[in-house]
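Each of the next two complexes has chain A plus one other chain: chain B in the first, chain C in the second.
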Partner chain A sequence: MSPLWMVRRIGFYVLITLVLAFFAVPMLWLASAPFDSKPGLGLRWPDWTFANVAATFEHPYALTSLVNSLVLCVVATVVTTVLAALAAYALSRVRIPGRDLLLYLLLLLSSVVTGTAAMVPIFVMMLQLGLINSQFGTALVIAGGMLPAAIFILKDFMDAVPRSYEESARVFGASPWQVLGHVVLPVARPGVATIFVWAFVNAWGNFLLPFLLMRDVGQQPAAVLLRTLYDEGGSANLTVIPVFSLLYSIPVVVLYLFVSKRYGFRFHGGIKS
Partner chain B sequence: MAGITIEELSTVYPNGVRAVDALDLEISDGELFALLGPSGCGKTTLLRTIAGLEAASDGAVAIGERDVTRLQPGDRRIAMVFQDYALFPHMTVAENIAYPLRVRGAAKSVQHETAVRTADGLSLGALLDRRPGQLSGGQQQRAALARAVAASAEVLLLDEPLSNLDARLRLEARTFLKKLQRELELTTVFVTHDQAEALALADRIAVMDAGKIRQLGTPREVFQRPADTFVANFIGSTPMNLVPRGDVVVGVRPEYLSPAADGLFTGSVSIVENLGVTSLVTLDCGEDQIGYIVPEDDEPSVGTTVTVDAPPARVLRYDKETGLLVR
Partner chain C sequence: MDSSGLGVRRALGFVAPALVLIGVFLVFPALWTLYIGITNYQLTGPAAANPRIVGLDNVVEAVRDPLFTNSVWLTALFVLFSAVLGQNALGFGLAWLLRNVRPWLRRTVEGFVLLSWILPGTVVAYLWFAVLSRDTGTLGLLLGSPETAWLVQYPMTSLIIFNVWRGTAFSMLLYTSALAAVPPSQIETARLMGASGWQTVRDVVFPHIRGHVLTNTLLISLWTANDFTPFLLTAGGPNHQSEVLPVLIYRQALEGGQLGYASAMSMLLLVGNLAVALVYVRLLRRRA
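And now, the complex of A and B:
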């Protein structure tokens, strides 16, 4: 218990407290500001009220945008998960020359293709396809951007499913779809669950693509609408923003808790046999 | 119930390796047949080609009267147990056993009934609700066998069925497997690299090397009269003595040699290895090392000179060039 030891301990705890505060303060704001009669950008003990909640529910686009977000995300996530699972399984099992190169190229290019660099071509393409203001079209573009990474991660899970499982099912007469449905997907389930949540969270937070492709304010998802929540004076609408932020964060948290409890997360393949 | 007929069968991998090379083989109905050989000899590929998991490049496979060469594995009426058992980890033992019926669309009640009946037959009755991860190695093996039995196939294929078990359990499982096969009277082909396993279990053994069968026969034939020096070397828990003498190679099993006043080999004892009830004695005979087996408490001391001999019928002669048995 030397003095030096004490000083180091105290210093350590101060540091930890600062780091903790950095992450905790925004969370506390999110918990308190929605129910404060005069919400500000600072953190304080709220003067409890539900007026902000009522105001948010009366906002012409707030709830619609959350529904839009849900539709957009569910479509993008389902498309990504289903296609990634099928593609990862095929790429894991079928030998084609240059397969690994193909995967790495896809992964490399995907960040370019749906990123800022391709904004103009994507917009022009979607305009000519008549898919501007289309939830489905936007969801497809988002899914396209997520697919390479999803395939890449899921392939690792598929690689870890022993071939003998599939061969065993085949010997007993299972068709390729039965092999996939009865054996491969259930065994790779933690991977599929991880990809599902990852895709949902990514799509939920995606701002750029809906911002570009959804010109009609009634169609815009929450991530885009949040940017337009100003009052007449041009400053941030602090009656609506806190409640809206809280509502915006709920689905992701709920999904995470549900999937984590039900399936558990893993970011690599490998099953205990 | 059906035998297996294999004609001129070749399986060539894309990289050009002829894993099975123009092979002919007839396995009779109800037989327990071993494919034996060192790793890479093509025995597993042959089994997988019979199963349809590898495509035959040439030749034909027939089960009973049916030519199955171009059929999918699921249409061949075979059951297979894999080396790692390939029990599905997300299903219970009951679901695993009933899986062949589930694929065929049998009713849930029929599936359950079959699982219970089959599991009882293999003393797995108490484990039906467990998952494979909660079973011991021996129980996993029996669950995999039960699933194969539930498929009510005409032919049972086993890939290294005992190699994942520890030594003591292996003996128990060996006896169990033979008993089960006798009860079911099911044509069974198993692959092994362990000659003792093949000798103990099989009705007939095919010793394979480089995609071809080197010798086909009963365990006794293969043990007593290996067809060539490769088989002679491979079969037997202690390797056969192979000594060049002029233009032949003389082969005698250590088990058949015993000390005599006058005999085949004379040398000084260099090593004595205890094998339990017996000991393996190694004699230095000039350039050659001769091994022979003595009963316990009868070991000669190191350095003494011993002469050993064998009954004439147990002394084999192989051609020096071809390695084939001369007589």
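And now, the complex of A and C:
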């Protein structure tokens, strides 16, 4: 217990505290402002009230937009997870001609072609297809953007499922669909769950694509409505914004708690060095 | 026959739906960017009905456009300081420091870092308005200068600090799993031989995780360069001082209606993304 050791120990905890404060302080607003009688863009001890909550529930579009978000997000997430699982399984097990090139292209696509870089053609394409304001169309665009990365991550999980399981199942006469449904997917469940949660969080928070493609306020998801509340009428609607932000964040926080309790929030394999 | 009993034909059937979606909503738009980029296509007006091919004029115009060069410079600053330096260093620092602390402390710190990563972008923008706004903002109160409007006076610095806060979680997770693969005996040996923390990281840990550092730097650089969240915080303002490329493209295309010109800029962004990715692949190969 030399003095130097003490100093280093104290320095260490000061450092950790500062980092913790850096990450935590911005979030305190989400706990105080929704229940403050005069919510503002700043942190203060709230003058407790539930009036803002009532006002938010009465807002004509607040609850609809959360439902819209849910529809958009569930469609995009389910499409991504199901299609990525099928493709990852086939790519993991069968030597389709050109497989390695395809995987390489998928890896490049997943990080090089982004919604931001392709926003103009996506907008023009959906405009010409008459799919502006279409929940389903927007969900498919979001899913298309997530698929390359999803396939890539899931393939690693599928590769880790022992092939002998499938062989035994086939010896007992299982069809390929039964093998996939009853043997492979249950074993690869952590991977499928990872992709599901990852896709859900991404689609739930996606702002740019619905902002481009959903122009009708009654159809807009929460991400876009929350932004509209800021510009509407030239000044921010501070009664509704904090409560609505909180409501909109809850699903993500719940998912996070679920995942960290169930699986631990870690990278398992997946990322290769 | 393969172990799954699928056969090539059924396997193609499994892959096809995903490839169709990727083809229609990702590859096709990317290629179409190249085409729209060489036309004078506009959102409204005569050029909307009959766009004319103007060849590389858009690209030449973009390179000469001070708004574009300004935006490229800001994007480069944004990527360098917030991702390559900021998220990388803080992410590694957290992974390194949190190795041996008590589990509850580790979970708490990691929990907040992860939350800042997964909360929706629009919500996060309000959280940072509350930190950076004038008069009532938290930072102003803490530093005793409530009259500073941080997002107006220091827009780029604000965005950089914001993005470090927003994206460090990924680097932290990646480096945590990378550090788990470094043999503890080597770190212990270095400590017994009297190496300082920094020397241990440089000479013992870094050689093991070099591939992870490259992967991480590539991914966070590309994400940061293509991030649209700056639009939510500053919308490029004031006076283009924080107009990173994604924001410039959006404003030119949807606010200015210059679809052809904006596509040419998108094309340059795509080329930039591709160049960064290929440089990375080469670096990774050279190591192997």
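In this text, the second predicted complex is superposed on the first by the 238 of 273 C-alpha atoms of A that agree within 3 Å, B and C clash if a C-alpha of one lies under 4 Å from a C-alpha of the other, contacts with A are read in each partner's own complex, and residues count from 1 in each chain.
As a working rule, contacts are C-beta pairs under 8 Å (C-beta built on N, C-alpha and C of every residue); 3 or more make two chains touch, one makes a residue touch a chain.
Predicted model, so just to flag it, every value in this text is computed and none were measured.
Novice: So, on chain A, is it clash or fit between chain B and chain C?
Specialist: Fit.
Novice: When the two structures are overlaid on chain A, which partner does A:53 contact: first (chain B), second (chain C), both, or neither?
Specialist: neither
Novice: By residue count, which of the two partners contacts chain A more extensively, chain B or chain C?
Specialist: Result: the larger residue contact count on chain A belongs to C.
Novice: What angle, in steps of 10 degrees, lies at chain A between chain B and chain C when each chain is taken as its C-alpha centre?
Specialist: About 100 degrees between chain B and chain C, seen from chain A.
Novice: With the two complexes superposed on chain A, say which partner A:63 touches: chain B (first), chain C (second), both, or neither.
Specialist: Neither chain B nor chain C is touched by A:63.
Novice: Quick check for you: in the superposed arrangement, does A:167 touch first (chain B), second (chain C), both or neither?
Specialist: Touch status of A:167: both partners.
Novice: Once the structures are superposed on A, label A:131 by its partner contacts, choosing first (chain B), second (chain C), both or neither.
Specialist: neither
Novice: Based on the superposed arrangement, let me know which partner A:20 touches: chain B (first), chain C (second), both, or neither?
Specialist: The second partner, chain C, only.
Novice: Just how close are chain B and chain C at their nearest CA atoms in the overlay, in Å?
Specialist: The answer is 6 Å, the least C-alpha separation in the overlay.
Novice: Which residues form the common part of the chain A surface touched by chain B and by chain C?
Specialist: Comparing the two interfaces on chain A, one with chain B and one with chain C, the shared residues are 164, 167, 170, 271-273.
Novice: Flag every residue of chain A that touches chain C in the complex, lowest number first.
Specialist: Counting only chain A, the residues touching chain C are 12, 15-16, 19-20, 22-27, 29-30, 33, 40-44, 79, 83-84, 86-87, 89-91, 93-97, 106, 108-109, 111-125, 140-141, 143-145, 147-148, 151, 163-164, 166-167, 170, 176, 179-180, 184, 201, 204-205, 207-208, 212, 222-224, 226-227, 230, 241-242, 245, 248-249, 252-253, 256, 260, 265-268, 271-273.
Novice: Can you list the residues on chain A that touch chain B in the complex?
Specialist: By the definition above, chain A touches chain B via 162, 164-165, 167-175, 178, 182-183, 186-187, 189, 271-273.
Novice: Quick check: in the complex, which residue numbers of chain B touch chain A?
Specialist: On the chain B side, the touching residues are 51-53, 72-75, 78-80, 82-84, 86, 88-90, 99-100, 102-104, 133, 147, 151.
Novice: Along chain C, where are the residues that touch chain A in the complex?
Specialist: For chain C paired with chain A, touching residues are 2-8, 10-12, 14-15, 17-19, 21-22, 24-30, 32-33, 36, 41, 90, 93-94, 97, 101, 105, 108-116, 118-123, 125-131, 133, 135-138, 141, 165, 173-174, 176-178, 181, 209-212, 215, 218-219, 222-223, 226-229, 232, 245-246, 249-250, 253-254, 259, 262-263, 266, 269-270, 273-274, 277.
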